[in-house]
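All chains are identified by letter, namely A, B, C, D, E and F, in their written order; residue positions are counted from 1 within each chain.
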Amino acid sequence: MPRQDRAPDALRAVTLEPDVARHAEGSCLIKFGDTHVLCTASIEERVPPFLRNSGKGWVTAEYGMLPRSTHTRSAREAARGKQSGRTQEIQRLVGRSLRAVTDLPGLGERQIVVDCDVLQADGGTRTASITGAYVALHRALARLVAAGELPRVPLLEPVAAVSCGLVEDQCLLDLDYAEDSSAQADANFVLTASGKVVEMQVTAEDVPLAPAVIDALMSLAVRGTRELAKLQVQAIGQTV
Amino acid sequence: MPRQDRAPDALRAVTLEPDVARHAEGSCLIKFGDTHVLCTASIEERVPPFLRNSGKGWVTAEYGMLPRSTHTRSAREAARGKQSGRTQEIQRLVGRSLRAVTDLPGLGERQIVVDCDVLQADGGTRTASITGAYVALHRALARLVAAGELPRVPLLEPVAAVSCGLVEDQCLLDLDYAEDSSAQADANFVLTASGKVVEMQVTAEDVPLAPAVIDALMSLAVRGTRELAKLQVQAIGQTV
Amino acid sequence: MPRQDRAPDALRAVTLEPDVARHAEGSCLIKFGDTHVLCTASIEERVPPFLRNSGKGWVTAEYGMLPRSTHTRSAREAARGKQSGRTQEIQRLVGRSLRAVTDLPGLGERQIVVDCDVLQADGGTRTASITGAYVALHRALARLVAAGELPRVPLLEPVAAVSCGLVEDQCLLDLDYAEDSSAQADANFVLTASGKVVEMQVTAEDVPLAPAVIDALMSLAVRGTRELAKLQVQAIGQTV
Amino acid sequence: MPRQDRAPDALRAVTLEPDVARHAEGSCLIKFGDTHVLCTASIEERVPPFLRNSGKGWVTAEYGMLPRSTHTRSAREAARGKQSGRTQEIQRLVGRSLRAVTDLPGLGERQIVVDCDVLQADGGTRTASITGAYVALHRALARLVAAGELPRVPLLEPVAAVSCGLVEDQCLLDLDYAEDSSAQADANFVLTASGKVVEMQVTAEDVPLAPAVIDALMSLAVRGTRELAKLQVQAIGQTV
Amino acid sequence: MPRQDRAPDALRAVTLEPDVARHAEGSCLIKFGDTHVLCTASIEERVPPFLRNSGKGWVTAEYGMLPRSTHTRSAREAARGKQSGRTQEIQRLVGRSLRAVTDLPGLGERQIVVDCDVLQADGGTRTASITGAYVALHRALARLVAAGELPRVPLLEPVAAVSCGLVEDQCLLDLDYAEDSSAQADANFVLTASGKVVEMQVTAEDVPLAPAVIDALMSLAVRGTRELAKLQVQAIGQTV
Amino acid sequence: MPRQDRAPDALRAVTLEPDVARHAEGSCLIKFGDTHVLCTASIEERVPPFLRNSGKGWVTAEYGMLPRSTHTRSAREAARGKQSGRTQEIQRLVGRSLRAVTDLPGLGERQIVVDCDVLQADGGTRTASITGAYVALHRALARLVAAGELPRVPLLEPVAAVSCGLVEDQCLLDLDYAEDSSAQADANFVLTASGKVVEMQVTAEDVPLAPAVIDALMSLAVRGTRELAKLQVQAIGQTV
């Protein structure tokens, strides 16, 4: 059945709630419809070994899902004793996406660890994570500015992410779980507010894709991330 | 500095919000002041090997803390590749506490897995977990009753838990993190609504305790858990 | 069948044999009936990171069971690649119990590691471990005194542990395996020679307990640990 | 320094040597310049649990690098006790790429495991792995056909992969290690012989990319994979 | 300093004490001087997968050292999460040695697991383990005979092991720890009572050895194991 | 069936190809018939902790098999998360064998890590590894000499290894997989070019061995390793 509750090029209802966590230096609870991710940013006054004495900082990310965030319960990764390949793939993606818009020398020799924990999942957890992580990161950096530790927030521009896909031969923006499960192709785009590409991953689930489909998905993504970037800016603005 | 914002024998503000999770069969978000735990109960139509063909069910629990639920960030257990001794101790305690009030033959040959995930920590995460887990468990079982799978909810009576401690030679109910950190003794009580003891753990942090202190802590616990049991019943009642 | 070979408030035959291990700085082979635990104390001239340059020492413990110490063979934890939750719970308990009677600043910046290895198990392995560990620890510290490294043994008073339980509605001291397996409630008490409480853990196995039962179990424990403390003092005395 | 030994749109010298492994049902040693990968395909007469009794087969892949395939020695993953996130990302990519061109029902209920082991690395190990893996897979399937187990090779069309990147503002095909290390953007394309997209991953290493760059990289990739597909067909043809 | 307390071709004081463990089907506490190993044999009514429905049995072994069996404390393998290469080498050796003298079809489809746990170490723990393990294994099998489960003990002849070494250019039998630490060569021989070779491992620690040295070590080993076999037979005989 | 393609005392066709790996400081691809092992030697300017400031160097080895180097695919050790006991046994043997002919003080405070990776297996992988590893090690050390870092290659004499075995009551040199699988006894000898013993391991697979068999196997090994040592010298000579 084709999508009925919103237009093919529409996002789900998106909300960003900054400063929800009492202890973290920065935080944001982001909701893409029924997908809810708690993002926290923690400041550490040390950097990984390869950056010591470089004057540059680092941003890294970790990702997890609560065992019953999903339709059926998934085994707890801490109990199984290792993170899945999927988890590692996603946290590497989130980290790279944030670093692409961070002025690392401007951050100084410190590290920000962003944790993205999925409280409830309904498709698009990695794109919601990136979008919320940006806000959490900004809040933590703003705290450093407020404390006089940094002259300005060392972020170049907002970064946001959204999924697109081909479902029943129709290109759709921001897939939910049901759509994602039946998609012929699944793509994740990480774009800046100005429409530049940070990361782009396209996977044909079923049959290989004509290049024209890629272009169509990209157009949807540009539209979707522009809207998300506005919401990010609003959310950060309202905290002042 | 002695406790100022509430009486020595008062709980923090406690709220229980059932049915917060979209996918879990039962759930409850419980808050003991700034300690927030998301409890979900998942029904599985199988039991551990030692119960196969016994006609009896099982209730088990897992526990986790989000990395930045704490004052400073803790390493993610999934990334370290194992659960700490503390985590295992707590999840074993939660499981035993729930089983003590469950009619396991009445549950039939199925297992309920209760996940307690700490979103924000300010002391008392294990006692909040047990108290919230009971509500999540009840909600999952009520669903089985509603579906005609069980004739009645196989729970004997509510079970709730609270910490008590000796701080600056004063017995206090429901310690927050700051109190817990400076406590001379720390105790956790798991009691039923009728005041019976399910689990009791007392630890002298500093100097060994006179037996009279144990009695005083127990009195506080009886009072605290009676109040918590009322809130559990209310929370469950309002879902009907 | 009720206990027949000894009174409800009697310990099993207890022996403590200090200095049994050739290499360890302190050691004690303790027997609670058919439960035999080899305790060794090893002195290390370094402390955990959080105590460096604090002037304070540390006491920690590890626990293990030989695979065929039990009625049926248990998997070797080293082969399974991890210690069970039960093992970690016990070794944390032993460590806390010993630290509660140790003058850590008086120990100076060194660590004592106490290993409790169960050679044969028949119930009460954790309480035998604590009781024997105290003697091993004392012997290691006495050696430091003899070598002029410490002015006196930095122990405040003896600490001993015993289990109690409710079996067929009767309160019993020092349960063996058969009694423990059929107990309605199981409690472990760690008390000092002067009757103060260091740790106390009560678990209702079957049905929750009336508070009066707790008092009865506590009385038994006070009696049992007083007797154990005498045996500890004797065992240490005979080594001089 | 810009690329000097070949045109910006030229592949490195590529060779594919099928049937190099004595024991594997299918194999191919592929070289992209100084990057050498040994690909073997092993037939297993069983499928993962989720496919049992489905009538469908499965293709999966594993990836590894010899410790000294790299410029400086890397720790052996078997000794470290886990596969890195990068390794898992790559082996998941190889598996998805092969499945996208495999007629899984036509394979029948059996599994092909393709191992890609990097003997020597100089950039592009994942793209060489996919390209060589296709040939190894084809050889294993042809053996099933020869044995009368399958009526035809259940592969839809060849699949090949190549990297492209932006280096000193120039778009280059098939980056070697030195180019990859200094690239502003790095992309991996998995395309079919007919130019359809199976997987596409673009990562901006330094600054976000204008969409036009993506198009330019895609054009290079189409050209490169078309050439690789010819070499695959040749390599398979010469084995007959 | 050359060996002074015994002749170069003399064993240390050896004692074998069978049936020391209450729960194990067979057991033996063996002492080679200050090296003490507790060997237990456990009967399991199942075999490894590769022997199912073969009518044959299996004998396997595990080995461990208590953390403070050694001169300085060694890390507990269960805590480190894996067995060392040395441990695995030894337990594989013990298992092979026992299987070489066991009539596996005569054992029937069951498995004997022999655990060798070093309570105190002073060199030669692997040879003491093998020698004691034979007695523990015999005791467990004799119990099966006594129970009418087997017509006779399915062991072909006794197997014993001893170390030899070249120390200060002198060949010595049964090295203790001090001798072993300064040995130029170290050899372990596993021989049957009739003088046949089951396993033989020679390692030149310092400089490679002339073949004549091997012969000299072998002669010592034949003499030593003949004596050990007598003690094994005696120990088993006295249990009747 | 007895061996038909070569004499009982003949090696398989042996080739040693030095300098095959582009990045490693030393390397050798060795073939013993269908057994192919890639050996690389990596120089590290640091030593294990126990040698720091000793002025002495270290040589260590790691060993692995590609998953489909074997007749049927073996699980990848990196994926299983640990190295097998067999792998650890072999890599310890290779390391000891190389150290026995290395002048460790002459090496200076650096470490050489030799990796032996089996590309294809047909029996004798550990003996081929040792034989090839010597050449790789020599090549790496010669590079240090050429760079003026060392005055001479700090190797005392060549070391080589070969297997021998008793098959159908006949002593054979250099067993292939089929012979090894049906051997009554299996022995591995590591000898120097001058015929001295570095390591010797004999295992009776089936029935214990008469001492005369050991002598016969040793004679074969002396002959075989003398021939291998010539090939090693030739291979190293041709690189000059």
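FYI, a residue touches a chain if its C-beta (ideal position, glycine included) is under 8 Å from a C-beta of that chain, and two chains touch if they have at least 3 such contacts.
Predicted, not measured: the structure shown is a model, and the values here were computed from it.
The chains touching subunit A as well as subunit D do not exist; no chain touches both.
Looking at subunit B and subunit C, not one chain touches each of them.
Ranking all chains by how far their C-alpha centres lie from the centre of subunit A, first place goes to E. Rounded to a whole number, the gap between the C-alpha centres of subunit D and subunit E is 51 angstrom.
Spacing of subunit C relative to subunit E, judged by their CA centroids, is 33 angstrom.
Averaged C-alpha coordinates give centres for subunit A and subunit E that are 59 Å from one another. Across the assembly, subunit A contributes residues 81-82 that each touch 2 or more other chains.
Because contacts link each chain to exactly two others and close back on themselves, their graph is best described as a ring. Chain order round the ring, anchored at subunit A and oriented towards subunit D, is A, D, F, E, C, B. Residues 21-24, 27, 34, 38, 40, 42, 44, 62, 64, 66-73, 76-79, 81-83, 87, 113, 115, 117, 119-122 of subunit F are the ones that touch subunit D when the two sit in their complex. Of all residues in subunit E, those touching subunit F in their complex are 82, 85-86, 88-89, 91-92, 96, 100-101, 191-192, 194-204, 207-211, 213-214, 218, 222.
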